[in-house]
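You will see two complexes here that share chain A, one where it goes with chain B and one where it goes with chain C.
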Partner chain A sequence: MTREEIVKTVNDALMKEFELPEDKMKPEANFFADLGLDSLDAVDMVIVLEQAFKVKLRANYQVGKIITLNDLYNYIEELTNKN
Partner chain B sequence: MNGELKEKYDVAVIGSGISGLTSALLCAKKGKTVAVFEQSGIIAPLLSGFSRNGVHFDTGFHYSGVLGQDEVGGYMFRQLGLDIAVEPCDSDGYDEMHLLSSGRTFKMPSGRARLEQKLTEFFPQEKEGIKKYLDLTQNIINGVPFLNFHKKSFADEELFRFFDDKKTLSDVLNEHFKSEELKSLFSFSSVLYGTPPSEIAFLLHCCCSGIMFDSAWKIKGGMKVFVEALKKALRDAGVEIFTNKKAQSITVENADLKTVGFADGSKAQCRICISSIHPKEFIKIAPQESYRDKNSQRIMNMRETEGFFALYGILKEPLQSEAINNAAFVNFDDFKKDHKDFMYINFSGSRPQAVCAVLSVDSDEKSWNLCEKDYQEKKKRVGEKIKAALRLNWPELAEKIIYADSATPRTFKKYVNYYGSYGIMHSVGQANILPLTKIPGLFVVGQAVVAPGLVGAMVSSFLLDKMMQRHEKGGQAVA
Partner chain C sequence: MGSSKKRVVITGVGAVSPYGAGANLLAQNMLNGVSSVKFNAELADIADISSRVSSTVPEMDFSYIPRTYRRSMSKMSLYAYAAVKEALNCAGFNTAPDGASLYLGSTISAMETWVEFVEKYKKKEFDTIKTSVVFQVMNHSPLANIAQSFDIKGPGFGTCTACATGLINVGLAYQSIVGGFTDKAICGGTDEYHPIMTACFSIMNAASSLFNDDPQKASRPFDKDRCGIVCGEGCGILFIETLESALERGAKIYGEILGFGTNTETKSISHPSRQCISECMRLALKNAGGMDPSCIDFVNSHATSTIAGDVEESQAIKEVFGKDMRVNSLKGHIGHTMAASGALELIAMLDMAAQGKAAATLNLENPDPDCRCVNHIVKTQELKINTFMKNSFALGGTNCSLIIGTCVKDAIKDALI
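Let's turn to the complex of A and B:
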């Protein structure tokens, strides 16, 4: 998967699940402060991303370090390249 | 205690447990008008405890780490203007562990070096693991925002656990040790937050129990003194308190105006509303748009911590080991059994000594919401089980104790509205709840937000306060 595809898939999945407007989906956007998501939403975020990318996110401790959309793109890029 | 209800307050706090009162004090100190609404007849009903035959029994708090001057607990007491003296528990052995399988007694000493030395004497073959485990615990405690926010600055998203931490206490103990007895010894304190070792995140365990490796503290004079200090601070800060006032609804008129409706038909308006009641009770009275539907459902389905069955008694005369603070019976397979049916005993510092023997029990409503006859029978049966265990494992104590009363999860429910001793469980499979809702100015604090226990509940209020201040300065619409 290319970086662009990853970015598009992540953004589409999150915009749909959390009804987020496209103009908010900037790489530096912070889930908590900018996108208004909380830790309960994070559960659904993991679920929709796992469905979209067919990877397991939950077992990975790295997840705790993801704060911005860009962190998430990087993390998924790393995961999908590994597989 | 109830005065005249004003038409509008800057802040309305629902619930007068320790987190609600902490939030009330923090807001009042910034010049806001604050009212606290409590459904029961007294404030802080769990912390207040009760008296029998002239002896006071503490029900909500017995001992904790991090209450020293330079630690987060001491910092919070100072910030709130609470005039409270703390004293260290016996530094030679604040927890006296009766290791039933090997017939030894391990007294938990205060201080990293002494603890490491003593553990190594008892478990020489685990020397390396002990050092690594204590290092790991110390590193987590030194870095985690909620025990260090008074020393350094953290970003909003660092203050609260946005994602779950997946490593459990069981994972870490199995990685470090072979001895089941040692694993049981290190994990018995999971009863202090009501979540089994196989389900509690290791990080949370460090924050609730590991903090006692340095030193364990108690409040001088017990929680009666603590609650009096709270009341004085609330009076001084001009916080208005209303008891027998059960909140029934919260409606949002606009970002700056909310109305809290009460069971007696009265209403209070406020700009900011802070709920410190159990999150499941909050969902019932909060506007539907407080959370996405999925998340409201998620909260309603969250599991509760274990419950407590407590047997209270008075010592006719002191025990031989007079400085004793806390004791427990540990079987080598307790860790494997996730400390099910685990029992520990707390001794007060007062004379005559109040004793509280606690058995960890099921907190499911079905187990305790029984018809009166079945309930009384069950209460008697479990009480007898505890007495029999004391006679068997500790005859000296059994001979000296005069039983005064007992409390089941249903008794606790009467005062705090939930059966589980620490409310919602902080388990690895369950996301934690943040203080923010989707409605600006509507917040949640309490044990479910950061961590269970007195310190965890108070910290949730301090972290919310930090977040509110930042957003007020930044002009954002959070508060």
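Let's turn to the complex of A and C:
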């Protein structure tokens, strides 16, 4: 998967799940401060991404360190490259 | 005032019903004899459910509710949101006033969400269930969702007593105000339809099954051809407060709650008895300061179109009020909206009383000889209703009766003396 494909897949999934406008989907956007998500959304985000990328994320402690969209793109990219 | 008992008035009403969103749609459609009952194709696909009719809320757009609140709401909470908003606006508030209490329940949990939840559990796909599901299936989910979304910090009670839920929550809120526990409350019942609801009544041979080809005739309380309940959904909400508070605010008063009675049938978990129903209505009269039965000039019955229940209620009404008591049931129009029914029908009756009219029991073409013991309203008519009783009963045995005074000017005059 290319970086562009990852970004598009993540953004599409999160915009749909959390009803986010496209103009807010900037790489530096913080999930809580900028996108208005909360701890319940964080759990649901993992589920949505697991379905979008067909990978398991929940057990990975690194997920908890992801605080911006860019962190998430990087993490998914790393994970998909490994696979 | 001649009595120190706090007087409680209704100053806001809100409804989502099978007619759509808006309290004004209830009486308007009922007085015009409009039935909301329709053929339900989903029921036709389920074997051994003989009933093929239901009364559901038309598709509504709830996207205006902020996502943070909406995500944990199943349909019953969405309906409640719309009805609470309407009731508060109607009472003159943009949001819930400080100190308001909340009394709101449903019959059973959000069935559609539960079914999906269980299916995933069985398929060992539990890790695909989102957190919002948990908050949709809690027994007090509507209460929690409404408290969160309207920032209601006061006491909250999610009393659930099956089909009596809506009215019993109004009664409990009334008693709380009378007792000084609170001075204003948002109260009522809400429910969402699922075919399992019809299936539950079908199992007991209590779901309407003989009018599947003519759905609008399917719910026919007191009629000799009645054959059971038509299940429905919706939400009815009232805003109630002390008369003193309403007068101070200059709020419009829709009616005064004069008395509340409730008891439990213990002879049968499924069948009501005329003795227990009569006792419940007498308890309401006693609670209304020992009101004489002759002071009640109308009974809006619970009558659900079941074989046994309609007879028992008719006979009980005759026993307490005599054969001339005027009686109607509004379930011929909208079926049985379950937890919402008591509050929705009360709201409809308030509007009718204000208009000086009473809707006939829809489809009451040939009263059952066993139900003929009272004065059934078979034609919609002009009628002055000063004081009426609203009944609601439930599977499991809960009965409740509420007495409403509609002479608002008299209430204000008395309060000022």
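The criterion applied here is as follows: the second predicted complex is superposed on the first by the 83 of 83 C-alpha atoms of A that agree within 3 Å, B and C clash if a C-alpha of one lies under 4 Å from a C-alpha of the other, contacts with A are read in each partner's own complex, and residues count from 1 in each chain.
FYI, contacts are C-beta pairs under 8 Å (C-beta built on N, C-alpha and C of every residue); 3 or more make two chains touch, one makes a residue touch a chain.
All values reported here derive from a predicted model rather than from experimental measurement.
Once chain A is used to superpose the two complexes, chain B occupies space that clashes with chain C.
In the superposition on chain A, A:L40 contacts both chain B and chain C. Taking chain A as the reference chain, the count of touched residues is higher for B when chain B and chain C are set side by side.
By the touch criterion defined above, A:Q51 reaches chain C but does not reach chain B. Contact with chain B, but none with chain C, is seen for A:F32 once the two complexes are overlaid on the shared chain.
Only one of the stretches 43-51, 79-87, 115-123 or 151-159 belonging to chain C has C-alpha atoms clashing with chain B in the superposition, and it is 151-159. Common to the chain B and chain C interfaces on chain A are residues 18, 36, 38, 40, 43-44, 58. Against chain B, the residues of chain A that register as touching in their complex are 18, 30-33, 36, 38-44, 46, 58-59, 61, 63-64, 66-67. Touching chain C in their complex are the following residues of chain A: 18-19, 36, 38, 40, 43-44, 47, 50-51, 58. Within the complex formed with chain A, the chain B residues making contact are 156-157, 160-167, 291-292, 294-295, 298-299, 431-434, 436, 438. If you check the complex, the residues on chain C that touch chain A are 67-68, 71, 127-132.
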